[in-house]
Structure formats: C-alpha cells, structure tokens
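Working notes for the structure below.
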Amino acid sequence: MTAVGGLVTVLTLTALAILLAFAAPPRYRSVASGGASMGIGIAGVFTGIAGITSVPQAVLVVPIAIPGGLGIDPLLLSPTPLGGVFCVVVGAVGAIAALYGIGYAHGPAASRTGWSAFAVFLLGMLIVASAGDVVSFLLGWETMAIASTVLLLADHAERPAVRTAAVWYAVMTHLSFLSLATGFALVASKAHSTTFTQISAAQITGPTGIAAFLLLLIGFATKAGLVPLHVWLPRAHPEAPSHVSAVMSAAMVKLGVYGIILLVGSWLPQVARPFAILVLALGVLSGAYGILQASITSDLKRLLAYSTTENVGLAVTAVGVGMLLSNAGQDAVATIALVAALLLVVSHAAFKTVLFLGAGTILHATGERDLDRLGGLIRSHPVTTWTFGIAAMGAAALPVTSGFAAEWTLLQALVHGDGRANTTLALALPVTLGLMALTIGLGLLTFVKAFGMAFLARPRSEAAATPAPEFTSKPGSAAMGVAQAIGALSVLALGLAVGPLATAFSSVLGYSGIITSELGGLRLVTIGVLDPYALGLVAVGLAVPVALLVLVLRRRVPRRETDLAWGCGGVRTSPRMEYTATSYAEPLVRVFGEALRPTRSLEVSHHAEDHVLEHRVAFAQEVSDIVEDRWYAPAAVWLRVAGDQARRVQNGSIHRYLAFSFAALVLVLVVVTLP
Amino acid sequence: MIATLLVVLQVVVATAITPLLIGVMRQVRARLEGRIGSGVLQPYRDVRKLLAKEPLRAEGSSIILVAAPLVLLVSSLLVVALVPLVTTANIPAVPNDLFVVVSILLIGTVALALLGLDAGTAFGGMGSSRHMMIAALVEPTVLMSVYALSIPVGSSTLSKIVVARGADVTRVVTPAGLLAVVALVVVVLAETGRLPVDNPSTHLELTMIHESMILESAGRDLAWLEVGSWLRLTALLGLVVNLALPWGLADSMQPLALLVAVVTLGVKLLVAGGVIAAAEVFMAKVRLFKVPELLAGSFVLAFLAVTASYLAG
Amino acid sequence: MNASLTSSIVTTAVGVLLLTAVLQTWRRSTAASVRLLVVQGLALAGLVAALGASRGDAQLLLVAGLVALVKAGLLPWALGRTATGRLVERDSGVRPALGLLGAAVLTMFAYAVSDPLRGGDQSAAARALPAGVALVLIGFWILLTRHSAVSQLVGFVVLDNGIAMVAFLTSDGLPLTVELGATLDVLLVVVILRALTTRMRDTHGGTSVDDLTELRD
Amino acid sequence: MTVLLWLPVLVPAVLGALVAWRHSDAYARYVPLAVALVILTCGVVLVAAGTIVTSSVLRADAGASYVLLCIGAVAVVALWGGLSSTSLGGRGESLICAFLAAMSLAVLSDNLGVMWVAIEATTIATAFLVGHAGTRGATEAAWKYVVLGSVGVAIAFLGVVLVYASGRAGGSPTLSWVALTSGNLTLSPHLARAGVALAVLGFATKAGLAPMHSWLPDAHSQAPAPVSGLMSGVLLSVAMYAILRVQAVGGAHIGVGLVHGLLIAFGLLSLAVAAFLTLTQRDYKRLLAYSSIEHMGIIALGVGSGTTLGLTAALLHMLGHGVVKAAMFVVAGRVLNVTGSSRIADVTGLLKRRPDLGWPFLVGSAALLGFPPFVTFFTEVAILVALTQAGLWWAAGGAALLLLVTFVGIARQVLGMTVGAPGTQDHAGDHSLVDDPPRWFRTAPVAIALASGAVVSFLALVFVPVLGAAAAALGVAR
C-alpha cells in the first residue's frame, strides 16, 4: 500500500465509521463502528510503514478555498519517514484501543457521537503525523483536539468534574493551537510558503526565528504535557473513557514530541541550537515532577496521566541530550539519543495503552479507580493482572520490556557524551542522569504500588470484593481481553526487537552507527550491546536448575494452606488494616515535602472524662499540583477579575458609549492632523 | 564457550561461598558482641532446614507468594553471573553492562516489594513501601557511580572497567575513582539491607524493612528469599572489592589462574564482610527519614566523582 | 450679489450657527433648545442661499429652501411635538458652566484640527470650515452631556447641521440625489427616535436616557 | 445583465411595500425568504458571470457580487430559520424587505453618497425591528442602536463630504467610486485624508468595531432571532464592505497606511472587548453578539494587514462567519422560546434536553471558535499569516492571546449550557406557530448553514477564482 492509498483508506474508513455509528443498530454499533475504527488504525500503520520505506515520498494534495500563491498553500499530506513512525504509533494504538472499545464502550462512549468522535480523533492524529504543510498540520491538530474534547465529555458529562476537566483541556489545547498557529505564521511568512520543505529550506534565523521557536515549543510542550504546561493531563485522562485515555496518552501526546523533534531537527535547527538546555530542562523536570506526582496519587488513572508526563519528559530529555551533543559535535552519540527518544515514544505508546486499558477494565469491574479502595483482582481478573503487570514492568523499565531497552539506550547516550572538552556537557549530563535516575527509581515505586494495590492483597472495599467478571456475554466482550493481551505482547516484543527497531529509527534519522547484533539485539558501535535474547537465555539457563530443585522439593514437601497471616501473632486482620496506596506513598510525601507542599490537618478529640486519653484522631493530608496552585489558579482568578472589571465597559450608560465614540473621533481627528 | 564455562564456574563458586560469607559476618559480629555465635557454617544448615520444612500459604495471598522468591533467586543468580567476580570474561552477546545489572537487581527488588504486598498485611505493606522508597532514592547514586566509573574507561561494561582499573593503578587512586567507590559502598549497604539503613537481625516488626516483607514466607519460599538476598550481597560486595582491588581475576581456563581467582575472591569477600560486620557492631540503625540524607550524601559524592572525572580529566 | 456681501452673510450665518450651538450647551430647557434649532436651521438655510446666490446656482437655492423646510421646520416640529402637545422639561445634564467650557475647548480643538484641511484656501467659506467641525463636535458634546431623550435628539440635529455646514462650505453641497437621500434619512432617524421617545415614556415612565441601563454586562 | 443589478434592490422594495399594504395576508411571512432567494440568485449569477455590470449609479464588480452573494446566503439562512419561531406581524416582514433592499443598494451602488444613504437606511429599517418586542429592553436597545448608529454613520457622512470636497481641487468633485479610484483625479490630500479616516471611523461604528461597538450587544440580543442573524451575519459585513470601498479610495490617493492603522487598532480593541466581556458573560444572545465583535475584529485585522492574503481571508471569513452566526442566532432564538430565558445560567443540559437545539448550538460554537473543518479555521490561520507577512507580528501575537481569552469565555459558557444534566424543566414548551412547518423544514436551514460553513473550506474550484477576483476588485491597486 502506498502512503497515499493508506491515507485515502483512512479517510474512507473514517467516513464508514461515522456512517456505521449512525446506521448500525445500537447493539451492534460498537462492533461495527469500532471495527471500522480499528481499520483506520491498521490503515494508519500501513500508511506509516509506507511513509518510512517509500522514496520518494508520496504526496496527497487537497485544495482549499483560499487561493494559493498568497502565502497559504493547498493542504499537503505526505508522510515522511519520521512522520511514518508516528503514523505507525498512532495507528497501532488506535487499532488496539478501538478493539478494546468494542467490548468496553458503554453508555455515552458507545453512542453515535462517541464512536464518530473516536474515528475522527484517529483521523486527526493521522493527519498531523502525515502533514506536509502548516495548515494541514494545524487542521489535524485541531481535529484531534475537538474530537478528543467530545470524547472526554462522552462519559459522565453530568459530573461537574468532567466539565471542569473538559474546559481545562479545551483551553490548554487551544493555547497549544494558538501558539502553534502564531509560530507557524511567523515561519510561513518568512518562508513565503506553508509547506514544511520550504520552511526547512528557508533556514530561518534571527528574532523571528527565536519567537517562532519559542511559540512552537510552547505549543508542542502543551500538547506533550510537559511541566509546567501539563495541567490538563491529570484532569483529562482520568475523566475520559479508558480506551480514549489510552489513545490520548499513548498516541496524541506523542505528537507533541513529534513536533519538537521536527522543530529542532528540521524546521528551525539553527535557532534551536542555543535552546538545547531549555529543551533538556523541560524534559528532565517533566520527568521528575511527573513521576513524583504519580508516585503519591492514589487515583489510578491520574497516576497513569502523571506517568505520561514523566515518559514524555524522558523522550524530550533524549531530544535535549541529542541537541546538546550535536551542538558539541558528537553526532554519533547525539543520534543515539534521538533514537532513544523514538524508542521511548514507541515503548511508552505500547505499555501506556495496556495500562490505561487495564485501568478501564478495573473501572469497569469495580466502578473504582481509587487504589485505596481496590485490591485482590488477581483472582477474578487474571488476563488484566498479567497484561497490566507486563505493561507496568515496561513502565518501570525492567528488563526485557520495551521501556528498559529505550531507557538503556538513553543512558548509554548520556554516559557516552564526552563532557571533557565542554563545560556545558560536563554539568548538564550528570544532572540529567541524576534526575533521570530518580525518575526511574520513583517510576519503579509507582508501578509496584499501582500493580500491588490494584491486584494483590485483599479487596479494600465492597466493590473490589465483588467485581464484575472479566468476560461477559455482551457482543465483543472478549475484545477487551484480546486487546490487552496484544498490547502486553507488543510491550515484550518491542523490548526483544530493540535491535531492528533502533536500526530502523536510526535510518529514519539518517544515521548508520547502529546495527543489529548477532542475536537480534542492539549494538551501538563503539558503545555497547544490549541483547535481550542472550540475557533471556542466561536467565533461563540459571532458572532451569532452580526449577528442577523446586520440582523435586514440591514432591517431597507439600504446601499447606493457612488462613492466618502474621500480624504480631496469628491475628485475623481486617482489610482496613492493610496498607493502602496513600500509606504506601506516605514516606515519599515526607521526603519530598518541600517540593510537594502537602496540606495536612490533624484533629485530636479527647475523652470527656480524661484529657489525656484520645477519643478520636482525624488526620487528613492532601497533595495538590503546586504548579497548578501557584500559576494557574492565580491566572484563573485574574481572568475572572478582569472579566468582572471589563463589564464596566458595558455598563448600560449610553453616555459612556457615546464617550467611547467621541474619544475615537477626537483621536482620529488628531491623527489626521498630524503630518 | 570458554567464557560460558567461566561464568558457570563463577556462579557455582559464588553460590557456594555465599552462606560462608554470611556465616563469617554473623560470627564476627557475635564475637565482637561477646557472644559465642553459631559458627560460620550455620547458614548452610539454615538453608537445609528451610528446604525441608513445608511452606505455608496465608489467606489472601496469591501466586506471587510462590513466584516472587524464585524471581528474586534467579535475578540474583543472573547478577552473580554478570558481575565480574571470578572472571572478567563474559558471554559474548550478554552485556555485563552496569545499567543492565542494576536493572536486574531491580527485578529482585520489585519481586520482594510485591511479595510484601501480597498477603495484605499491615507489616508487609509497610516494609514494601519503605523498601521501594529506599530503592528509588538509591537509584540516582547507583547510576551516578556507574557513570563516574565509566567515564575514564569510556564504557559502562563492568568487565572493561575492572580490567582497565587493574591495568593502570593510577586509575584506582584518582579522587574521582575513590569518591565513586565510597558512594557505591553506601549503595551496597542500602541495597542489601545492612546497617545503618536496615537491621537484618531485628525482631521488632515496626523497625523492619526487608524482614517485614518476608514475614509470610516459610519453608523453601523463605530459603529462596534468604539465598537470593545473600547472593545480592555477594555480588555487590564482590563488585565493590573488585573495583577497589581489581587484581586476581581470571580471564582464561588455566587451572592456576582459576584457583588464584577463586581464592582471591574468597579472601577479598570474607575480609570485606568481616569489616562490614565489625563496623555494624559500632553502628545503630538510623531513623527511616534520616536515610534519604545518607543517600543524598552518597549521591553528592558520586556526583562530585563525575564532575571531577570530567573537569580533572 | 457681490463677494463681500456673500462673505459677510456667510460669516454672520456661521456666527449664528456657532452661537446657537454654544447656547444650546448652556440652556437646560428642552423647549428653548428646540427653538434655538429653528434659528440654527434658518441660519443654515441663509448660508446656503447666500452661497447659491453668489454662484448663481439655482439648484443650491432650491436646496436652501429644502434646508429651511426640514431643518427649521419639520425637525423642530417633530422634536417639539409631544403627546400632550407642549414640551416642558428641564434637562439635568452637566452643570452649564462645564457644558460651556466643553464647547469652548471643542471649538478651539476644531480650529486646531481643521486648519490643515483648508489647504491654504483663504475664502470666507473655507475660513468658516472650522466652525462646521466645531458644530459637529458640539453636537456630539450635547449628546454626551444631556440626559433627556429629546435633548439628545437636539444634539444629533446639531451634529447633522454641522456636517451639512461643512458640506456646503467645502463643496457647495453634495449632488442633489445624495443630498435628498441624506436629508430624508436624517428626518426619518429623528422621527423614529421621537417615536421611540414616546414608547420610552410608556415603558420606562419617563424620557431620561439615564433609565436606559438595564441592558448591561 | 443589468436587470440583475436592479432586482436585488427593487424586488425587496416592491414586495416590502406590498407586504406593508397587505400584511394580514398569510403569504406575507414567506415574502422575506423569497426576497432573500432572489438576492442569493442574483448574487450567484453575478459571481458566476464574473464581469463588471454597470447601470446608472449601480455597479457590480467581483467584490460587490461576492458580498451580494453573502447577503443572499445569510439572509436565506436567517429568514428560513426564523420562519418557524418568530412572527413579525406583517410590518416586521416589510421592514426586513426594506432592510435587504438597503443592504443590496449599499453593496451595488457605485456612488459613495448613495452607499452612505443606503447604510443609514439600514439603521432606519432595523430600528423598529430591534425594538419589535416592545419591552423595556427592546426599547432601550433600539434607542441606543439608533443614536449610536446614526451618530457613527453621521461621522461617516462627514467623511464622505470631505472626500467629495477634496475633489474640488481637481475641479470636478465626484462621489463615484470608479472615478475616485481611477487615478485620473487629483484630490486635495488633507481633505481626502480626513475624509477617508472619518468615513472609516463612521462605517466602523456600523461594523461593530470597538470602541464604537457599544450598541451591538444590546441590539443583537434584543432583536428577534432572524433579525439578529441578519444584522450580525451581514449588516456588519456590509459596513466592512463600505470600509473596503473607502480604503480603495484612500489607496488611490493618500496611501493605505492610515486606514490599515485604524483597522488594526480597531481590530485588536474589538478582540479585547470581546475577549474580556465573554469571560463572565451571563446572557447567551449577548455572548453571540460579542462573538460577532470578535469576528469583525478578525476581519478588520485581515484587511488591516494590507496583504492580499489578509483581504482574501477576510472576505472568506465574512461568508463563513455570516452563515454560521445567522444559524446560531436562529438556534438561540429557539432556545429562548423553549427555556423562556436568555440567561446562560437558566439553560443547562441542552444536549440531553433538546438535542435538536443542543447539537447545532455546540457545532455552531465550534465553528465560531475556529475549529476545522469550518472555514473560520482556515481564515483565522490565514489572517495570522497575513499579519506576520505584513510585519505586524505583534498584532498577530496580541490577536492570538485575545483569541485564547475569548475561547476561555465562550467554551466555558457553551459547555455549561449544552453538556451535563438538564437542571430545570422547560419553560412553556416550544412556541411553535399554528401552521407548524414540518420538522425537516425547521432544521434544514441550520443544518445547511453549518454544513456549508464546513464545505466551503474545500470548494477550491469555486472559491479560489471568486475570491481572487473579489480581492482584486476590492483591493488597493498597487
């Protein structure tokens, strides 16, 4: 399939999905329209592959009503190799999420609007990834923005929290769009064209370039959910239907990274050079802040949302490291960093899809997404447990998942950057590594907490104790499990296939210093080898004698069941005594109290008879997002005050109105008198 | 092939020597505290005893109760296989890259933490939480030390680092190298649950970290856990001593070299273990929320090591 | 008609126009304001007639008649007519002194800004141009400072007189069709506003525009 | 062809007079729609013909034809949509006809004076339409509308007078636009400069540009829905068209810097007013009115950029905004009928309660906020590009910032109205008229309007030549 054929298929299938959403009988709507959406995703994957492999690029031109030649060119869809990578990511995530949605979507998410918006959402993202010019890029950007807002509102629109989330999301998205539009306007007017090739060829520099760079960076960073522009993420992701959250987090957010890579690599490379530290700082801070917030929250989907900020932060860190190294002339290592960025993008897409889908299943089964009220799902939901577990390993960057391979590559790039001749590198690389290591460490804790609290131990609430079954008789119910399984397998597969993957990415970036090693692992020339297969073989080799020993012992000494756990003696502890997600994170809140600023309240009420004996102790602790509290809340207040003050302009007095006109008249008279 | 055999040998030797190391450490401590002690071979007897006892399974626990100890054990064995203890040779495709080693250690860490959560007891969760917090905070120091050690060599592959240090004495005694090794020592203490971070011999649940996670395990489950944890100590301690004194490792199948290597390793390990045990006698466990300060201190050492390598190198 | 006579008539008419406008900022009685409008309309008609006579332009004389009819007749009549037949109300605007001061400042401003517009033309008509602009500004000023609906209408008519004056002084008026259309439009606007005033009395119980503050943000 | 020039003016005038005479007739209600269709047809034919047609004072070049088409299109949407919800009692219908005639005349006249007369006539025709309800609010709105509008337009008249006077220097004063822009005339520069500036200021009042916008929210919120739609959708654009004509006169003699400077200033100020007054807006009809101010500000910025791209985009924006806004006012009118309140707080859960109103309202709002595939998206991007092309990067940045604030206001209010649980019960049901037209007939105009707002973006084959010609006709010859 050529890229153009793929795009046309995508468009056709989008129309089909909308048609089916409206035409199919409600019982089969999800199967029909969701199936078509899955088709969109698959077509997107093929488009992406075609984009990666085809030389020269295929081009699809869509004329618009504004005459060409004036500065706005017709729409141009032509997936570049890099865009192709993101097409594949979007398509694959979309297909898996659509498959899951067939079984999962219920209520408003399974409505005509829900499924139509889902298809349009995928279409918008694919347009962005295959856009060859500014206007189609923005077109796709806004399409996915509005479709995802609709999807966000699809579930529980009655709840004010959802509406608030939607407004936050819409406003931040629009901030992103407007800064992109303005930034693009600057470069497009300089380049006298809106096509990306012309913009790259124009080699824009100077103040215009700097302004455009910063605006575009803000736009992309907002969409990518980087600190301090991340505030929409922890609100929007939890409230959206889970298969939509998966797509938003695993695919849409990545397009921000795509934009940043294009920005620094292709559109404004000269301008970007001095801003490498800025990009790096954005990435590193997002990583650390995101995972810190994720580690202390007990809302599973909020946790996943903050973890998205973390992972995107890591990818942007990789881009920043690449920029710094390339500024220092260390191009080989720089490319490894960029390859790491793409690996991080792909691996995060894989595991975060599964995690959100798993969270969806949990929500579906128990109606809870608060880890403090979950537990014990390993018994009723084995498929979800294992797929979530594998994905959580990916998120925690444990071998041999995709997350591990990606972070390993980034770490290699970091330690192989030569800081001896370059003070910037000598300072930036260790700091980056330190914060990144903290990020990795906290990530581990976060996902141990998420997995342990949701699936292990005993249920912490009635809802968790009596979950809905994993599979029901609803049409397409098995789709949920299948989608999760496919996702989890891909987390492992991407980890194992890191060699070919990295080779492909390096050729996308026009570099040949990475080769696939003998067993299919990743060999970074002069740097190091990561061979997951070999590692696996050794592990298996070591596990075999252990396993034999276990088999022998199992026969000789049988296991005995007991109904008591240790609680300072064999006491039957109530689930209320279990550790919860909140208590799990409590030490961290203390250690990072300076950064998190928790609000605590402790109320002690004493017995009436005795002032020493305590009757009741109430302790409350809340950790909110300080970026939001410190920056956004005042801005919101300011806007409200400004709005109230502005009303005085229109206070009903005709004299005031006439005075405005009069003032304008006097001013104009003065102006025309001036020579 | 030779490399594979060497690695197999290394695993066998390390596994065999580990209980002895633990026994020596306990014995040194006992003697210094004025007790007779149970003898240096007691750990071997403990393991044998545990393997013969029937394992229990508490209500509410899951497959994790069985799987986690095995995962810990295998991950520890894997680490032992990768770290240069007896030999600097390694299986060609298998990277004994320090980042990989650290990640494999983390698998064991995670397995333990999940085990702590599995039964749903208050103590298990508490231990798991503390364990993961320390693991998370140790991570920066670990990677930073690796970074510091890798700079002079230009590689994060452990065997290369050890060989390079062995080949050139001046590399060992650089300020950067020393700082990095000291930082690594703190890391090892934290990772293996030694004083002053954790007290391996405590019987008070509220102060436990490592022990509280394995409260539900019995019989062979407990045996795997104990051996797995011990092996971690062997591997990490062995790594530190080999980085500090990078001599005597074998790189071929010559019997003499092998013998020397095994003996050297034994001596280095037992001496180091003895020193640690002796030091622990004079040390109290610090409060949990003082641990981050300790780790921050070691992080700063490692960080200084890195910048020193760059700016001095 | 010789040039000096034309010139003096023009000057006089302009003077009367300006004077009446200034007086209107002073007087608070609406009835008096309307009477001043009649004077103003007549002065404007006189100005047009003088210009027409000096140019021997019959069309302009016709226009003068039209102006007299509309500006001195119909408009004041429409303004002065009330439901009860006679208009008795006093406007509470800004203090007369302030109103006069404003008018004076605006007149000076008009002279300052109109000077370049003359472009070196020294004829009486051109020299009178600033007065026209001043009339426009004073009309606006009356709109701004008066609180009764009818007074505002007066201000609007003054403003319109000013524009007409500028038109006649600078270019002997516009083409007849446009002139007719414009006059008709102004007349209709005043009639409509008058009708709205009546409705306002029904709905708001008065004709003070201060009561019109319900539509606000 | 010349008949096409007279039809849009005379047909509404004659039919309007007939309706005024026989307003009890049952067919009177349909007359304005018929008139609108006539105008639309004439516009389409003139645009398709693509030639300059002249007859007496009337003249249609590509620009005039295009705006005539806009008038027709918007009028069809507004009047068709308004058929089912509002009865104007005969007199209203005849006034609407007069209104349409005046707008057609303003667009088609070659003479600046006639154009001015026609624009002033729109004020007269709509005065009673605004005050149609006869309530306190309607009276107040009508008063403010007429006073502020007339005063503004009077200033424009002063400008026209000065432009005419400036021609005396060359010996032959004229108001013919063709003559004024032909370049054969010599105008006195000072007078021309003052005249052009004042004319722009005056027409900007009618175009609803800040700071002369004050009448707009009152008038648009009090007028019956179809009238609001017409005023917001095209009347503002017709005034903008007048500014374009004046701009061309200025361009031929004194340069366009002054006009463009004024338009940029007015445009940014309009965006600011719209931005901050939508933030805490409590009335949804006023919300739509402020959105009109915002869009006129955008158009002013497009024209003020002085680039062909900006002008083209502004012209396209006129059509896109007009059609969508007309539909929005129609929907808002129906919402008012259903809920009995124009307060935003009183309208909740429209999507659940009345999906037939909630969806168009939501979709229309998206179009007004500039989301694709609606044409407003393309034009807003193009205008930003045009501004930076002209070196007005600060204006582009300011506009983007203000658009964001506007977005906050409108998005919050519209989401609050449409999504969520329906809070209160319906006020009194839909005040449908006795001879209730079929359902499709009611929903069709809004659907067609919103669909065309989207489809227009991609009709390159049709619109590229049309817009090119219109921009060439209305642009400043260089």
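Which chain is which? They are A, B, C and D, in the order written, and residues in each are numbered from 1.
Assume contacts are C-beta pairs under 8 Å (C-beta built on N, C-alpha and C of every residue); 3 or more make two chains touch, one makes a residue touch a chain.
What you are looking at is a predicted structure, and each value in this text was computed from that prediction instead of being measured.
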Between chain B and chain C, the fewest steps along chains that touch one another: 2
Third chains touching both chain D and chain B: A
Most widely separated chain from chain A, with each centre as the mean of CA atoms: C
Selected interface, C-D versus A-D, where C-beta contact pairs are more numerous: A-D
Where chain A and chain D are represented by their mean Cα positions, the distance between them in whole Å: 43
Distance between the centres, which are taken as Cα means, of chain D and chain C, whole angstrom: 31
For chain A paired with chain B, centre-to-centre distance based on mean C-alpha positions, whole Å: 35
Separation of chain A from chain C, taking each centre as the mean of its C-alpha atoms, in whole Å: 68
Chain B residues counted as touching two or more neighbouring chains: none
Per-residue multi-chain contacts in chain D, two or more chains: 143-144, 147, 151, 155, 194, 217, 277, 280
Numbers and ranges of chain C residues touching at least 2 other chains: 116, 140, 143, 152, 209, 212, 214-215, 217
Touch relationships between chains, expressed as pairs: A-B, A-C, A-D, C-D
Of all residues in chain A, those that touch chain B in their complex: 295, 375-376, 378-379, 393, 396-399, 404, 408, 411-412, 414-416, 419-420, 423, 425-427, 430, 433-438, 440-442, 444-445, 448-449, 451-453, 456-458, 517-519, 521, 527-531, 533-535, 537-539, 542-543, 546, 550, 553, 557-568, 573, 575, 577-580, 583-588, 590-591
Chain D-touching residues of chain A, taken from the complex the two chains share: 62-68, 70-72, 74, 134-135, 138-139, 142-143, 145-146, 153, 157-158, 160, 163, 166-167, 170-171, 174-175, 178-179, 181-182, 184-186, 188-190, 194, 208, 211, 639-640, 642-647, 649-650, 654, 656-658, 660-661, 663-665, 668-669, 671-672
Contact footprint of chain A on chain B as seen in their complex: 7, 11, 51-64, 66, 70, 73-74, 77-78, 81-82, 91, 93-95, 97, 99-100, 103-104, 106-107, 109-110, 113-114, 117-126, 128-130, 132-133, 135-144, 146-147, 150-151, 154-157, 205, 215-216, 219-220, 224, 288-289, 292, 299, 303, 306-307, 310-311, 313
Touching residues (chain side chain C, partner chain A) in the complex: 109, 112-113, 115-116, 133, 137, 140-141, 143-145, 147, 152, 209-210, 212-217
Contacting residues of chain A [partner chain C, same complex]: 646-647, 649-655, 658-659, 661-662, 665-666, 669-670, 672-673
